[in-house]
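Pasting the structures in now, so scroll down.
Below, chain A partners chain B and then partners chain C, in two separate complexes.
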Partner chain A sequence: MALNANIRYRQIVLLLAAGCVFLGPRLAHAADEEGKLDAVAHTADGVYLDFAPFGAVELPRIFLRSDPWGLDVFPSTRSALLSERYVMEHKEDGHAEILHGEALRDAIDHHEHLYAKPKPAQGTLVLDLSITRHLVFGVLAALIVVAIFLGLARRYRRPEDRVAAPRGIFQNMFEALVIFVRDEIAKPCVGPRYREFLPFLLTAFMFILCANLMGLAPYLGAATSNVAVTFTLAAFTFVAGQRKGTKAYWTHLFWPPGVPLPVKFILAPIELVSLIAKHFALALRLFANMMSGSLLILSLIGIIFTINVLFGSLAAALVAPVGVAFTLFITFIKIAVAFIHAFVFTLLSAIFFGMALEEDEHHEEETSAEEQPALAG
Partner chain B sequence: MEPTALAFLAAGIGAGLVAIGAGIGIGNLAGPAMEASARQPEVAGHIRLTMIIAAALLEGVALFGMIICLLLTLKA
Partner chain C sequence: MDIIVAQSLLEPNAGLIFYKVIVFALLLFVLGKYAWKPIVNALSEREETIDASLRKAEQALEEARQTGAKNEEARREAEENARRVLQDARTAAERVRAEELEKTRARIRQMQEQAQAEIEREKERALEELRDEVAGLAIRTAEQILEETLDADRHRKMVDRFIEQLPRN
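Up next is the complex of A and B:
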């Protein structure tokens, strides 16, 4: 037993050392190329898929322009720029110049075009509908969820299958998750009409979980670390909840009972703002948590290079194992965060649905005392 | 001091204050919750659920602050 523990300890140390070797040269390369490591740019959205050290794959660009109106589709940013119908600016010392010919080729060779904002040579850009990295990852997450659950749904087609015990690891795992969402989230928070919202809650939970976990895989990213994705999810929650809003709920919102008439006019806007702020916070919470995890990892790795510049390579070599160990720790935290925030988003959605479904005074008190957790804001 | 330097300073101080606030808040929440679930393990599940909701809401407020700090550093 003691020997076994010893071997495990040694394995962890070896793994950490291997991590140092693996992370070192690649990120040093990334830092060299641009002169500085921009943590925000690495976690932000982009128009290419990064497969360092094997290169990058550019994604299609779609632009909507006016004067004259038209929709331009290019297979990549490079081809958009080389066609000369779109131009990029090169900024130096606050002075911007449009690149042509040799200078353009040179900039593309230095991957400058991946960060540039192309402009049409004629007319003005109305909308940039380009396919971005986070869109690809989001669609991929959705496809994974659809593939898993269409396969699983086939196993529940016959009525006798629905009461039979699940077979195999796969079905056991996902049935446990589905039961968890139903019994721990939907039933206690939404109330007796939970079945109407169960499909939405399950879809949201599985999609967010899948997208979050994709953020931990190499070469992939979390679609939920994009503010547009989380706001869309929150908008779905908002619409799904308000659509089923009962009469009592709307009365509470716009004509709060039991208060004097002038107070009603003050309370209604406050209630409305708080309703919107709740969903706003729902989106922001998921976004900020997924974003901050990757930022933290990049910052922890980046500190090695900062110290390399400030105090020399010996200090950096000493700091590197600490930085990598912390990165490992944060990665484990991120696995937990991926699950917790899929859970929290679904839970809060369920609570908002429960609020929208409130019936009359008496019923509301009963459920809130027994089932609904206390909640403010 | 230059305005840019002030913005960076404000972002740093703000991030620290946000961390302190969130730490106090979640600490106040988690301690009694653990005490309560130790006293009455049969309602531990319910307490944990309520605790996570409150922690998530608390964290939401902290994250609003963090976003403002981030914007201060990025736009400065």
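Up next is the complex of A and C:
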């Protein structure tokens, strides 16, 4: 017993130490030169990859502008601004001024340009097509998923392998995920036509899971903690579901059976709004959960810096282990959350698909039954 | 500036949406064609094979069970038969033995009786002979002794009386 307790105690200490190492880069990068911590800036999307303490890599900027139309490509924000074809504004005391020359260089040295919104010196900006941090993470997640599952697919090339028992950690682990999505999500929620939606559900699940887990890795972030990414995913769910909507489903949506005629005109918009709201909520749920985890971790680390400013470095040093322990705890929770929200998104998508596929057998009887009093009235 | 950055958390970036649509559509296509199709097909194929194998095994087990039951039945029947045959044989042997014994006994008894009768007859004849012999002997002896005193008739009467007095056996 004593030995066991000792081992457990050592494990905790080791985990804490590992947590410190793991969080090291974040700690360093979360605090800028003035000892301030900007959790939001590090959770939000950005046009640079942060490899603190080794510095940051700026990502290419691509702008689509009109008057005159053109696509401007720069290797970095810095070069876009220094070329003077794009300018940044510096807001102070309510009025904005465009930075030039020495002031611009000064702002760039203070990394202000990374948070600025460059505007074209001539014409108007139509679309900012810059490569962002979350896009890089999203593409990386997609590539990881592709690499894993194309690798898995290779295991089934030979006919004798197709019926053999799965071998090794790799095949067992990812096959288990595929079977989980098929048997626990697609089959019960979509119904007999689940095979049509299985590729979408599998892709969504694996991509979201991979992106979520990437949010736990140092220097990386979760692409799913970006609202644009989750909206895109939800939009795909929306299109995939509505594309296969049955006649009964559309009738139910725009001409709900079993209600008097005037009520139909009230119900149809409500149904439409509810349909859109469901997908909107799908996007927001994933985004908010992923983002809040990241914000929470940075805020917990931020407590140390806040206490450093308010009560001095001794208090901060005392609080630091508590902050790190809490962060470690939240990190463990985030592992669970990564799986849970990949599951929830896929499950709800499957439920929406199941709704779109509904076949209403009693539809005809109900229509005639409710038509009768309407005619009598 | 903090407020601007905070806004950026909730503000969907149109450029990112544009790229994301392309990336996700590509991901759906590539995985759907090169990963999910072979994987899902292989999984269902394997499941069907396993199901079929299980069903086949169950059938074979059922058959084996039936065959076993049949064998058991046959064995029991054969055993029963053997036991009956043995029983019959034993009973028959017992009967034969008893009969034989009875027969032997009867024969022995018969032989005994015959011997007894023979003995009886022999004894009778011997007695008869002895009587005649004794009578003759007595007469001759008596004749020699009483040649002068007795005539033949008196002589005979005396001898007969003597013989009468002899025991029958």
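Criterion: the second predicted complex is superposed on the first by the 328 of 377 C-alpha atoms of A that agree within 3 Å, B and C clash if a C-alpha of one lies under 4 Å from a C-alpha of the other, contacts with A are read in each partner's own complex, and residues count from 1 in each chain.
The criterion applied here is as follows: a contact is a pair of C-beta atoms (placed from the backbone, for glycine too) under 8 Å apart; a residue touches a chain by one contact, two chains touch by 3 or more.
Predicted model only: the values in this text are computed from it and were never measured.
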| item | value |
| --- | --- |
| Which superposed partner A:Arg285 touches (first chain B, second chain C, both, neither) | first |
| First (chain B), second (chain C), both or neither touched by A:Leu267 | neither |
| Touching partner for A:Leu328 - first (chain B), second (chain C), both, neither | neither |
| A:Glu184 touches, of chain B and chain C: first, second, both or neither? | first |
| First (chain B), second (chain C), both or neither touched by A:Val344 | first |
| When both partners are placed on the shared chain, which of chain B and chain C touches more of chain A | C |
| Contacts on chain A seen with chain B and repeated with chain C across the two complexes | 40 |
| Chain B residues within the chain A interface of the complex | 46, 49-50, 52-53, 56-57, 59-61, 63-64, 66-67, 74 |
| Residue numbers on chain A that touch chain C, as the complex places them | 38, 40-41, 43-45, 62, 91, 115, 127-132, 134-135, 138-139, 142, 145-146, 149-150, 152-153, 156-157, 161-164, 175, 178-179, 182, 195, 198-200, 202-203, 206-207, 226-229, 231-233, 235-236, 291 |
| Chain A-facing residues of chain C, complex | 1-2, 4-6, 8-21, 23-28, 30-32, 34-43, 45-46, 49-50 |
| List of chain A residues in touch with chain B within their complex | 40, 184, 188, 281-282, 284-285, 288-289, 292, 340, 343-344, 347-348, 351, 373-377 |
